[in-house]
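Heads up, the next two complexes both have chain A, just with different partners, chain B and then chain C.
Let's turn to the complex of A and B:
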């Protein structure tokens, strides 16, 4: 009993010490950029994959013929809002991942210039934001074109540029990192698939609002959603695999 | 197959679908209280919200047995496979209960099951906090400080969940009134107020779950 009492006092003291070290170390955490980037990286996944489920389910309700036009317009509003998060996550995941790799000792050859990786992604954000907010206008088309161009450049960089760096040993890249780059390229391709298989949806939906529901319009909406489904599932699978590779860091 | 990584992935995915899916629920709820929309639209959005909301509900429950399995695999939690299996079984049954509550919503059976679920949550909160306090003193069943803090934070998310359930109750009553008597300033006010009361608890869940994730990611450097 006495022994237990002493032990509990000792544990209490330890708890106080724990709180003290926690406060002391919290200051260190703020300067530990690696933890910052890691947390950021995880939250990107949260607001990409997690938010996507609302977008996906919402889109199934857009083609539900039982829903009135007003209901469908409100669902569009929900999807449009939530979809900002996967869109932004799509942009941020690459530069944040590069920052994480830099923290692991990668890209020491380029030094502080590594921060330049953010520049193209800031432009990409601008293009995507423009293509969403200016949708339907001629300026929106320009932004959409620039967005597509950016995606093509990134896919090319991932598959050609990174492969070159890996196989020519210009920069040391471990196998799992290369696999992550390739998976990122695959996800971008899926994004392309979503974009183009869904391109028929907006005109059909506009037609629905202007002329009311008809069998032909509903068929078009439904067909568009069916076409996009495999791409969405493939993208989710890619993200899960990307996470698994990041967690397990397999050695081939 | 690296089993530890597999469980880490599952643990991560429960967090992803818990916090990420909550975003759609949070935004949709704001549209349900908009009186400019017809009742039919508001009802459909409420149904959509209800469907999406099931995902965070399942994930909140599943994250615990998965986390416990992880703690077993790195030897910082209870070292009993039998216990783990029992915990997994209990939580699978609990997920089924939550699924059934959603299916039976509005019926007498549904409200009875919801009552059972609420009691289970209260018992679970008490059990978790007691185990954490015991672990602080005896270093068992949870053997590290960071795990204890994580579980306390997790308990806080469940407390917030119970808070949402309590503060959201007047909303559902007001919505039923709306369906019977149509819109009125009183009903709209009641719904808006109920939603506003739930907001701090929703934000609480995000903060506590976010902090728990942060500790999980940074414990090697922090502790």
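Let's turn to the complex of A and C:
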């Protein structure tokens, strides 16, 4: 028994040394998975906040009456493409954030099941993609409804579910993590604000293409853009704060 | 601690607006270069592109004072920290120059300053390469090799920026000619070829700054 025990230690040491030698000889470098998630997290911010300036600035040219319809159609094409990036980033930020928290020692009770967090977000991606690509059709409306439902569920989960977990001490949640969850909920609310304040823009723009420019149509386009502006600025503020809290990790 | 967080936060935001802002510029340039659209539309797209491009241009310039402030606050160089004042003076002066070049429409008035800006970029690229190489071999003036690598990658992005200017020169001339004389197959050929060359350097910048960001997060022991 003692002999076997020593032999197993010897074997382990041998294996360990072999790995060590391999590492030394081939100069293998191990990177913590947390580094990848953190990089991914930063890139999400890049393609959300960074890409949004092109969308926002482009939209100012959509309501510029000096621009021809053809020019405005080109701008719509540019905005529509670039806007995919903030849309996808909006979906990815939550599961990636959860993976980062798991790396920090959160949700250890669920083990590998943590990866299941990706499933609802995969569906959400299809809902958003469907609502954009099939805009104006009956299926598009269904997707839009599902997208809104997903957002409501997430906002409820963030403000009710996470608050319950925090205040009832079911799991330990640091203050800065709670604040990040709340800010994410706030960003989702801003997203709702953008969606609904901008909903009048597409029909007015369609009218512009079909019937040409008129004072009434231009007014509608301009009003819609004015309504969406505070929501966009509020969302940016939320994202900027979200990133600061992630960096400073304040404790209250 | 508070100051460090704020500087790190600004450093990340600069990266966000650099790479993220570039996406819109890159995609809209396809429409600007396409002969399918009328000249007025292409001119407007060029104006939009140029205005959005000020986000990457501004963030790149600010990367120097902000990045080196982060170096100073973490004591990652051998210099006394008050030296950072000079980085800020340089950064702000360069930023004023960059914005002056963007806002000034008079080409004659701009010409000497454009040349000066290009020389400045050559000098800065060389200085940063020297800083990086000496830090790699002698730990001077930067104390960590991953940081030296980041500085080298940043210097290479400046080099790529210079190459964009060089490869886009025929483009600018052809685009100007197109707005005055109208489109022709010869002009379009120059536009397409020149833009394709410039795009390669843009992609190189994206790759380099993405690697730099990854190294900044990872901080490997090299």
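Here, the second predicted complex is superposed on the first by the 221 of 252 C-alpha atoms of A that agree within 3 Å, B and C clash if a C-alpha of one lies under 4 Å from a C-alpha of the other, contacts with A are read in each partner's own complex, and residues count from 1 in each chain.
FYI, a contact is a pair of C-beta atoms (placed from the backbone, for glycine too) under 8 Å apart; a residue touches a chain by one contact, two chains touch by 3 or more.
Quick caveat, the model's predicted, so the values are computed rather than measured.
Engineer: Look at A:122 in the shared chain and tell me whether it touches chain B only, chain C only, both, or neither; answer first, second, both or neither.
Structural biologist: Touch status of A:122: no partner.
Engineer: Is A:85 in contact with chain B, with chain C, with both, or with neither (first, second, both, neither)?
Structural biologist: It touches chain B and chain C both.
Engineer: According to the stated criteria, A:139 is in contact with first (chain B), second (chain C), both, or neither; which is it?
Structural biologist: In the superposition, A:139 touches no partner, neither chain B nor chain C.
Engineer: According to the stated criteria, A:77 is in contact with first (chain B), second (chain C), both, or neither; which is it?
Structural biologist: both
Engineer: Determine, for the superposed model, which of the two partners chain B and chain C contacts more residues of chain A.
Structural biologist: Looking at chain A, the partner in contact with more of its residues is B.
Engineer: Considering only touches as defined above, state whether A:50 meets chain B (first), chain C (second), both or neither.
Structural biologist: A:50 sits against chain B and chain C alike.
Engineer: Touch check for A:110: first (chain B), second (chain C), both, or neither?
Structural biologist: A:110 contacts neither chain B nor chain C.
Engineer: Thinking of the overlay built on chain A, is A:152 touched by chain B (first), by chain C (second), by both, or by neither?
Structural biologist: In the superposition, A:152 contacts neither chain B nor chain C.
Engineer: Could you give the residue numbers on chain A that contact chain B in one complex and chain C in the other?
Structural biologist: Shared contact residues on chain A: 29, 35, 38-39, 42-43, 45-55, 57-58, 61, 67-68, 70-71, 74-75, 77-78, 81-82, 85, 240, 243-244, 247-248.
Engineer: Can you list the chain A residues touching chain B in their complex?
Structural biologist: 7-8, 11, 15, 18, 21-22, 25, 28-29, 32, 34-35, 38-39, 42-43, 45-55, 57-58, 61, 67-68, 70-71, 74-75, 77-78, 81-82, 85, 240, 243-244, 247-248, 250
Engineer: Okay, in this complex, where on chain A does chain C touch?
Structural biologist: Against chain C, chain A makes touches at 29, 31, 35, 38-39, 42-43, 45-55, 57-58, 61, 67-68, 70-71, 74-75, 77-78, 81-82, 85, 240, 243-244, 247-248.
Engineer: For the complex, give me every residue of chain C touching chain A.
Structural biologist: It is residues 2, 5-6, 8-9, 12-13, 15-25, 27-28, 31, 37-38, 40-41, 44-45, 48, 51-52, 55, 210, 213-214, 217-218, 220 of chain C that touch chain A.
Engineer: Provide the residue numbers of chain B that touch chain A in the complex, in ascending order.
Structural biologist: The touching residues are 2, 5-6, 8-9, 12-13, 15-25, 27-28, 31, 37-38, 40-41, 44-45, 48, 51-52, 55, 136-139, 145, 210, 213-214, 217-218, 221-223.
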